[in-house]
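In the two complexes below, subunit A is the common chain; its partner is subunit B in one and subunit C in the other.
After this line comes the complex of A and B, so read on.
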């Protein structure tokens, strides 16, 4: 077997930890252990939100210099949410490269750093689903809908959840 | 005492000769060599900080070569301009610095025109437009289809058994993962179905 890089070792360790002690509502692991840089995750929608009862698949793509650089999290199929781009890519502070925010909006400790982990990312995503942040919106249309027509927003997400579970 | 005076005078004379040798202008062939070196370097202008330059710098700038070729473009200068215009390429900045000769003039050029001319044969790099807002065309929304589940499929193996388990081989681990995924989807489906059936009587 080829010698493993730091990134591969770290990812395998995180995979093992997630298997042994996974937080509720989260399943994550590599699509195939032959390519440990591509993970598939399932995130449950938090209760008491329109995402409730939903299960949302997402892919995590890790850079080769992980854990120095953050992975990219992409919902597939895309999900209607103010902080998710129309192609499904999630935009939250923990996934932003380390260092100072050029816009002085995020504190450095909120951003990616090697002390973060897949588990923390997915937990952040769950709280993001529960509390959309329209101040740094990625999807302007979803932002508008969330702000101006909450009923329609909730409705569209429920439709999405029902369709995804075949009901 | 005679000899020490003589020694003192000799020392003075040698010191004078040595100093005057240091002060005399460098013979003609040395600047010529330097010029050869610099003309080789002109294709990629770099600061000429060779040892011969430091001692003969005066003779170079005093008219042996035309004024504008003696401009040094240091990485620091390029960096300053780039910090003001991040989308400028290094070759753009270098070209304009060569023409203008100073960071201030180049920055002014950039401020006036919004950009700097490109060197010959070079064009603007392709702008990588954010592709985030183009949704992918064909993605199956249905999770049951995606994970190959049938509607009333039961999860084999008790879920509790799977919890916290780390398979011995990678095949085993991926089977565990697969089972956990199925379990989560089917459970969510059950919950949603019961919620919907609870809601329906209220609507009717």
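After this line comes the complex of A and C, so read on.
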């Protein structure tokens, strides 16, 4: 087998770590052994939110220079949420590549750095589901709905959850 | 550099709407420059509007960053060390007062924001058997780095991390995002140096007395900080647009007060100035309601041409090479014209017709008028553009022929063709001079190399009594040649927009003259550089010395007179532009 790159080594290590001891509500791993740069993961909806009981599949695509650059996380099917683009791509500060925050409104501890990990990303995503951030919204319609008509927002998400569970 | 020539604009404190002009005699800074177009003394010396200062990036860092820190240390904050002061300045965007204020008002917050710990223990260690948590490599023998926080990672990871962080010009913190500690400027460079291939020439540093400035001389983080600092102050600093040139020019004095926003303001300011200056009757009150597009003489001597430290002249307004004799607005419109494909579109318009059905462009290069579109197979008549079937089976019996319509189309096409030819005429000459200029640059490099080797040979063998000043004329010749070409090049842009007035002929004659001397000079240079004459190039240079010198002078003179011709022509409105072309 060809010698492994830094990114491959690191991803294998993270995969091992996640298998051994994964936090509750999160499952993640490479789709196949041929391509370690593409992962599939399942995120559980946090309790006491409209996302409760849902299990949301997503893909993680890692750059070749991982861990210098962050992966891209995309929910498939897309999820209604202020911080998720209509195509399912998640927009939170931990997933922003370095040097892309000209306004400096993101706190440094929330930004991408090589010491972050898949586990930390998925935990951030869970807390993002629980607490949407409308100030830097990715999906304007969802932002509006969340702000102006919370009931409808909750309803739509519950329906999505039911549908995804096949109920 | 003339001292008397520089003029400062000053707002009168009492009447803010009045301008007062006063000469500035206390010119302490020797790299202050004025707009280099010399105007005769008897003219209004208003032509020198602003004062500019040239910087190299290195000088800029020295003066604004390092010296600022040294000054703070010497005067206000002697209890701090230089390293911390640099971090504080960097954090507070290089404002010394801010540092002092924050230091005394809010010391803990400042230290926290800057990531300066109370006790410092930054170490690069040599380690046996280390497993780095970032790259997951198992090393037998590796350097690691940690700040006082103890977040230890291998030096390879730190190096790649620093490289990615360097781009945004801000302070670099510990890799661990929960940790706010800053990596000091010197340490970042130390890590970069561990990986850099080229070892700095010790001889180069030998003569430099090790000072604070020399320690920071090649600091990449400071360079990147300077870049982002300068880029954030676009109206005050402009980079030299020449390729690979790292120099910049600063707009000094209260002139800058008017330039807070963008270039358009600058333009407006310029033209407003002009109007008040040229017309003494306007009471010197800035009339904002006056539309800037009012037809008035253009004074190209006001074009802020500056020179960076290494002889690249450029227009501060456009941040484009010296484009005299063209004024800035003409340049902008010309560049736009050359850039977008409007002329391609013109050609298509002039020489093709669209298929009436699918609108594909068709050029008819012969044959009969029964056309069949290649794309949609539509058959039509080239004369009336109607369906062919209505013409029956007889050729050239186009019943639908409408002469007036046809004439209108043809006239339109003819006009387009003439305008296209006109554009191509000027563009060709513009482009030729541009490419020749590049060729001249290459020739210059070659000749310079050859002269250098020749001179060192001569001095080695003690043969020659030639000195470097004796061959200075060669450099001058090249400078004149490239400058002459540049002016010529832009004079064709000028010509393209010029209205056909009588004085235009004078301009064209002057242009022709410059063209001739430039070509003569270029010919000699080419001859010297010819491969056939490889062995005798030095001999040829010396032989042609006289001709070179006199042609150099002729070119410089021709160039000046062309610009002056344009300047006076525009001022007296004997030359005018037609921007509608």
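One rule holds for everything that comes next: the second predicted complex is superposed on the first by the 165 of 167 C-alpha atoms of A that agree within 3 Å, B and C clash if a C-alpha of one lies under 4 Å from a C-alpha of the other, contacts with A are read in each partner's own complex, and residues count from 1 in each chain.
Throughout what follows, a contact is a pair of C-beta atoms (placed from the backbone, for glycine too) under 8 Å apart; a residue touches a chain by one contact, two chains touch by 3 or more.
In this text, all values refer to a predicted model and were calculated from it rather than measured experimentally.
Student: What does the overlay on subunit A give for subunit B and subunit C, a clash or a fit?
Tutor: Subunit B and subunit C clash in the superposed model.
Student: Figure out whether A:164 sits in contact with subunit B (first) or subunit C (second), or with both, or with neither.
Tutor: first
Student: Just checking: does A:54 make contact with subunit B only, subunit C only, both, or neither of them? Give me first, second, both or neither.
Tutor: first
Student: Regarding the shared-chain residue A:113, is it in contact with subunit B (first), subunit C (second), both, or neither?
Tutor: The answer is second: A:113 touches subunit C but not subunit B.
Student: In the superposed arrangement, which partner chain does A:33 touch: subunit B (first), subunit C (second), both, or neither?
Tutor: Only subunit B; A:33 stays clear of subunit C.
Student: Mind working out whether A:10 is in touch with subunit B, subunit C, both or neither, as first, second, both or neither?
Tutor: Second partner only, subunit C.
Student: According to the stated criteria, A:127 is in contact with first (subunit B), second (subunit C), both, or neither; which is it?
Tutor: Neither partner.
Student: Would you check which partner chain A:149 touches, where first means subunit B only, second means subunit C only, and both and neither mean what they say?
Tutor: The answer is neither, since A:149 touches no partner chain.
Student: Pick out the stretch of subunit C that clashes with subunit B after the overlay, from 472-480, 490-498 or 508-516.
Tutor: 472-480
Student: Would you please give the residues of subunit A that touch subunit B in one complex and also touch subunit C in the other complex?
Tutor: Shared contact residues on subunit A: none.
Student: Under the stated contact criterion, what part of subunit A meets subunit B in this complex?
Tutor: Subunit A residues touching subunit B: 16, 19-21, 27, 29, 32-33, 42, 44, 53-55, 57, 76-78, 85-89, 138-139, 160-167.
Student: Provide the residue numbers of subunit B that touch subunit A in the complex, in ascending order.
Tutor: That would be residues 131-136, 139-146, 151, 164-166, 170, 173-174, 176-177, 180-181, 184-185, 188-189, 191-193, 195-196 of subunit B.
Student: Quick one: in the complex, what on subunit C touches subunit A?
Tutor: Going by the criterion above, the answer is residues 133-137, 151, 153, 157, 160-161, 164-165, 167-168, 173, 175-178, 180.
Student: Taking the touch rule as given, give the residues of subunit A at its contact with subunit C in the complex, in rising order.
Tutor: Contact set of subunit A toward subunit C: 6, 9-10, 12-13, 67-69, 98-99, 108-111, 113-116.
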